[in-house]
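What follows are several structures.
Both complexes below contain subunit A, partnered by subunit B and then by subunit C.
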Partner chain A sequence: MSSARKPKLAVWKFASCDGCQLSLLDCEDELLDLAGAVSIANFLEASSAVQPGPYDLSLVEGSITTSHDAERIHKVRRQSKYLVTIGACATAGGIQALRNFADVNDFIAAVYASPQYISTLATSTPISAHVKVDYELRGCPIDKGQLIEVIAAFLAGRKPAVAAHSVCIECKQRGTPCVMVQGTPCLGPVTHAGCGALCPSYRRGCYGCFGPMETPNTAALAREWQALGAISRDIQRAFRTFNAAAEPFRKESTAHGDQDHPG
Partner chain B sequence: MATRTIRVDNLARVEGEGALDLHIRDGRITAARLNIFEPPRFFEAMLRGRGYAETPDIVARICGICPIAYQMSAVHAIEQAFGVHVDGQLRALRRLIYCGEWIESHALHVVMLHAPDFLGFSDAIEMASAHGDIVRRALALKKTGNEIMRVVGGREVHPVNVRPGGFHRAPTVAELAPLAEKLREAHETAVALVRWVATLPFPEIERDYEFVALRHPDEYPMNEGRLVSDRGLDIDIAAYDSEFEERHVPHSTALHSVLKRRGAYLVGPLARYALNFDRLPAEVQALAREVGLGPVCRNPFRSIVVRALEIAFACTEALRVIGSYAAPEASALALTPRAGVGYGCTEAPRGICWHRYDFAADGTIRTARIVPPTSQNQPSIEADLVAVATPMLDQPDGAIRHRCEQAIRNYDPCISCSAHFLRLTVHRT
Partner chain C sequence: MGTNVTIARDGLQALIEALRADGREVIGPTVREGAIIYDAIRDIADLPAGWTDRQEAGRYGLEQRADGALFGYTVGPHAWKQFLFPARETLWTMRRTGDGAEVTDGATPASRHAFIGVRSCELHAIAIQDKVFVSGPYPDTNYRARRADAFIVAVNCGQAGNTCFCVSMRTGPKVEGGFDLSLTELLDDTRHDFLIAIGSEAGAAIMQHVPHRPATAADLSAADSAVARAAAGIGRHLQTEGLKQALQAAPEHRRWDEVAARCLTCGNCTMVCPTCFCTTVRDHTDLAGNTARRVREWDSCFTLDFSYIHGGSVRHAPRARYRQWLTHKLANWIDQFGTSGCVGCGRCITWCPVGIDITEEAAAIANAPAAAREAHHEGA
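For the complex of A and B:
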């Protein structure tokens, strides 16, 4: 391996809260080592020094909600050897994809006095709806341990070691008693692992911020929730949050009526 | 006529995306605009029809840097609407987690985003080559703030433990104990940081702000208080709309807030400090005096010193809460939804974050309004740009551009919160 050139890392932001790119700055113990191993070539939130592309690895935060951003993501793709999405917005459209279930003009009018100044698309879509994505890292927000693993894996040219099972497995691994058994509705059985089963360890049900696991049985879980007393509205709200546009969650939420946005 | 145009397309080291436009005609600035074209995400519209219990989780997503501010303003508003008041250890725990957010957010801004400006570096990593010890210690300080968020809230970004009425699970005394050791070290680091940032070279400028912040009878304000200013404002948070007004301007997807009678005002560390200096512990006051800061600071560039002082205060305050902590009997008070309106206003690291919710009888939100700190500061930011650029119009565009970018970073603007994007354009005619 040549020592002449450090791999170039870029971080890009689309519609988002900044929390996933902040996770990179939250790697307090690893940050200076990372900066030694890669050239942080484009990370506007952290640095005013911007190096031109191409980039070896682009981390993309946020979803596509404007026509300007729909063009910009293609420019990012063209300059990037690998493109990895970080977080629920980039991977599934994020909380702002709730507009996909409503009339966006009604949303604009609810917030802005002069709707003519606002230019936005009717939907919030994940990056994969626009360009080829090499890897999708889940979570709202992402887990910083997984982020370091994904960066290391791509720079080493190997597959990231990120488990694809459900949150249930993580509860069992850490020995957390099942909250469903104690009567608390939980999305853990259908939710992608990664958080370390955080919510059940705080005695609340998982709220699905890592999005659907592979082939989740959402209908069976919805029946379990009903048995615990949840009504259609509760089930719909639960599936319609930070990963509302991820297909299995979208489908399950739609099966429970459309009363989320009476406005 | 000569037109001069200075442009910053993408403002760096701010949270979110914005640009800046400066128009100069005949040696005079005719317009200074902070353009925020962060794609709007419509939280207030998305909240309609949602349940009160899920509200703290949803509003956290407005901002990955200050999620606790949104969660705290929301839970206080919900509790007010349902007629419940959280007190005792649960209230203290809320103060503790807010200390965590102040520490991590301020440490991020002071060292990673703001300090490089004064020393001519493009970022903290580059700065680490010359000031490695300061960057490493500041990262440790930030980590301690995040540690509070993790222990009390579950994780640093979008904590999961806050709920209306209290917490899902109150931490044990044993869980908080290891934080105390780290906080003592963090406090030492913060004091050293105050002394270091006070030596940075500051442009001499005094601005005639109207300061607006919360004021509490005996605490430096976080979660509760009346809304006051240094020009006679003294109102209940519920009366916000009678004194303040949000305006929608064409160049920003963040609404501009103004005082109806007097226009621009300032929220955030400078305002909080000036209006509540007497509420700071004596040792923090003494530290301020030691580094040459009076009880009022009107130099926006010196806000970095006030932020560092607030980190030192937050470490002391967190230690106080941990020292007198006993696990509460219940981790949350029971709430019974009812129809009505509730208000919440708390001190986010960047200033007051005001919420209003109108609930249906079953606890479903009918309407929501959220006023984040950065949108309130936009008119003051634009006035600062005029103030800092005017004395240097004979200088090259690059110098003006750099100083204007700095003037924006003084605010630690959270554009993600206020809507989001910075680009600086200077037009000279």
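For the complex of A and C:
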């Protein structure tokens, strides 16, 4: 492996908080191995030295919220042999996709002193709405172990061992007694695995950071949340977080609203 | 063997100590995260004294008992399979060497276990997994090693849970065999003792370190009535006669669609089931490309990957996945292994987040075969 040309890695940022890119820097134990296996050609969080493309592997963080970015992502795609989105923003539009449910001009007027300087799109959309994506890694933020797995799989030319089933399977594998059965509403049954069922291990319901699992039955879960005392607004809010625009979550959230909010 | 003796509450402490002195890790019921789970215990004080559980379809909670019973509850979210058949296990690791590769076996069988508080349904579940893993031409050597090393202290149920149906499955509540020692808790205003049945040489050997006295006729009859009380209080029933044929004859029953509308395909039922044995194998390589690892993990017939063959998943529709689970457990298992795959422990009912009840679903299909013709045939 060491005799061959090292694959060039690029990391790109669109509308996002940088948390997913930072997961890469957070891979302390693996960072040396990573630097040995790839040439980090473009990663502004880590170094301002940029090598020109093309790149063998591009990791893309963030969603598309401006017309400038909508063009820039095509340039990234053209320079990338293999493009992987990292995190909920790049994969589903992120928390900023809440604008998709409202009028973005209202937000702009409320937030900025001089709204005329703001140029933005009406929606926040995932990278896959604009260009072909080779692999989507979920999570808000991504799990660094999964990120290393995806990069290692890319280097070995194999499929990443990343499961698309529910968080519940991870929850049971680690032996956590189910919080939902004990009365706390949990999004684990409709949420994509990846975090290792972190929140239930702290006695909290899952927040759905990894977005919809492979075959999410959100309607059946919402009925059970109601049986546990959740009102319509709670359910809408639960589905409208980091993956609000992921289709199954979007659809379920629009089936619930403010109608029954108490007093 | 077959001898009965009686020990006092303190005798149980002596038993735990004797098992530890024998070099075993003692695993037993203990309260954690709002449930009675199985974990390492060092002392009788780690047992759930004075606790009981309240179980319904999709609901579980602990309650304080009026007495100080140590085993006054039924099975919780954990099963002994997590110790005999761990959820994740490295099968082997391969490392690049100068001119080749070197393979090391992954799993070294963990410490020698003693399991305290194994219920009758669970003994039957262990026997079923023994058949799956150990009999046949390709035994699972790690399972076999852990199983051979395990010392089993069974306990007779003195009460049944609301989701239990061992009586229907003829797997309980009375412990019949497959243990080194079995306990029956004898508790009233005047005493807190345990009747012990010795089931093996190893059991007899350990009892030499535990103060005991011969069991009296009164002890034996108190133990009998405790088990009778559990059998009488059993929460659920399943008519097993004709069930296999009825299920196998109804692949297109409308009920599969109805249950699929409720089912989350989350896999919880299979994870908690003490007989479910399905796994997936994942290969991992490191960044440097010098090490490869093959890891085996619990998998479930509710995941799409589980039935993925070239081009897609064979059981794409949720109805096909629920049907696989139920018909495998209650019908096809009999063709495959000679017994039902269900021991009636009720875990899949309690720990299903939406409370889908296997006894209800099976009965609906077996009792109304005519509905089969009304089913629509969408999806496999």
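Criterion: the second predicted complex is superposed on the first by the 254 of 263 C-alpha atoms of A that agree within 3 Å, B and C clash if a C-alpha of one lies under 4 Å from a C-alpha of the other, contacts with A are read in each partner's own complex, and residues count from 1 in each chain.
Rule of thumb we're sticking to: contacts are C-beta pairs under 8 Å (C-beta built on N, C-alpha and C of every residue); 3 or more make two chains touch, one makes a residue touch a chain.
Because the structure is a prediction, the values reported are computed rather than measured.
Novice: After the overlay on subunit A, what do you see for subunit B versus subunit C, clash or fit?
Specialist: Aligned on subunit A, subunit C fits beside subunit B.
Novice: According to the contact criterion defined above, which of subunit B and subunit C contacts more residues of subunit A?
Specialist: Counting contacted residues of subunit A, the larger count belongs to B.
Novice: First (subunit B), second (subunit C), both or neither: which does A:Ala122 touch?
Specialist: neither
Novice: Using the superposition on chain A described above, determine whether A:Ile231 touches subunit B (first), subunit C (second), both, or neither.
Specialist: So A:Ile231 meets neither subunit B nor subunit C here.
Novice: Examine A:Arg203 and indicate which partner it touches, taking first as subunit B and second as subunit C; both and neither are also allowed.
Specialist: A:Arg203 contacts both subunit B and subunit C.
Novice: Based on the superposed arrangement, let me know which partner A:Ile151 touches: subunit B (first), subunit C (second), both, or neither?
Specialist: second
Novice: Would you please give the vertex angle at the Cα centre of subunit A, with arms pointing to the Cα centres of subunit B and subunit C, as a multiple of 10°?
Specialist: Nearest-10 rounding gives 110 degrees.
Novice: Which partner does A:Ala15 contact after superposing on A: first (subunit B), second (subunit C), both, neither?
Specialist: A:Ala15: touches subunit B, not subunit C.
Novice: In the overlaid three-chain picture, which partner chain does A:Met180 touch, first (subunit B) or second (subunit C), both, or neither?
Specialist: second
Novice: Which partner does A:Glu45 contact after superposing on A: first (subunit B), second (subunit C), both, neither?
Specialist: first
Novice: Can you give the closest approach of subunit B to subunit C, taken over C-alpha atoms and in whole Å, for the superposition?
Specialist: Shortest inter-chain C-alpha distance (subunit B to subunit C): 10 Å.
Novice: Across the two complexes, find the residues of subunit A that touch subunit B and also touch subunit C.
Specialist: 203
Novice: Considering only the defined contacts, which subunit C positions touch subunit A in the complex?
Specialist: 32-35, 37, 58-61, 76-78, 82, 87-88, 261-268, 271-272, 282-289, 297-300, 302-305, 318, 350-355
Novice: If you look only at subunit B, which of its residues touch subunit A in the complex?
Specialist: Those in contact with subunit A are residues 10-17, 38-46, 48-51, 54, 57-58, 61-65, 67, 104, 108, 112-113, 116, 122-126, 128, 135-136, 139-140, 142-143, 146, 154-158, 160-161, 163, 167-169, 247-250, 253, 255, 331, 405, 414, 416, 420.
Novice: Which residues, counting only subunit A, touch subunit B once they are in their complex?
Specialist: 13-23, 25-26, 28-29, 31-32, 35, 40, 43-50, 65-66, 69, 94-96, 98-99, 102, 104, 106-108, 110-114, 117-118, 120, 140-141, 195, 198-199, 201-204, 207, 209, 234, 237, 241-242, 259-263
Novice: Provide the residue numbers of subunit A that touch subunit C in the complex, in ascending order.
Specialist: Answer in residue numbers: 1, 30, 33-34, 36-37, 148-149, 151-153, 155-156, 158, 161, 163-166, 168-169, 172-178, 180-183, 186, 188-190, 203, 214-217, 220-221, 223-224.
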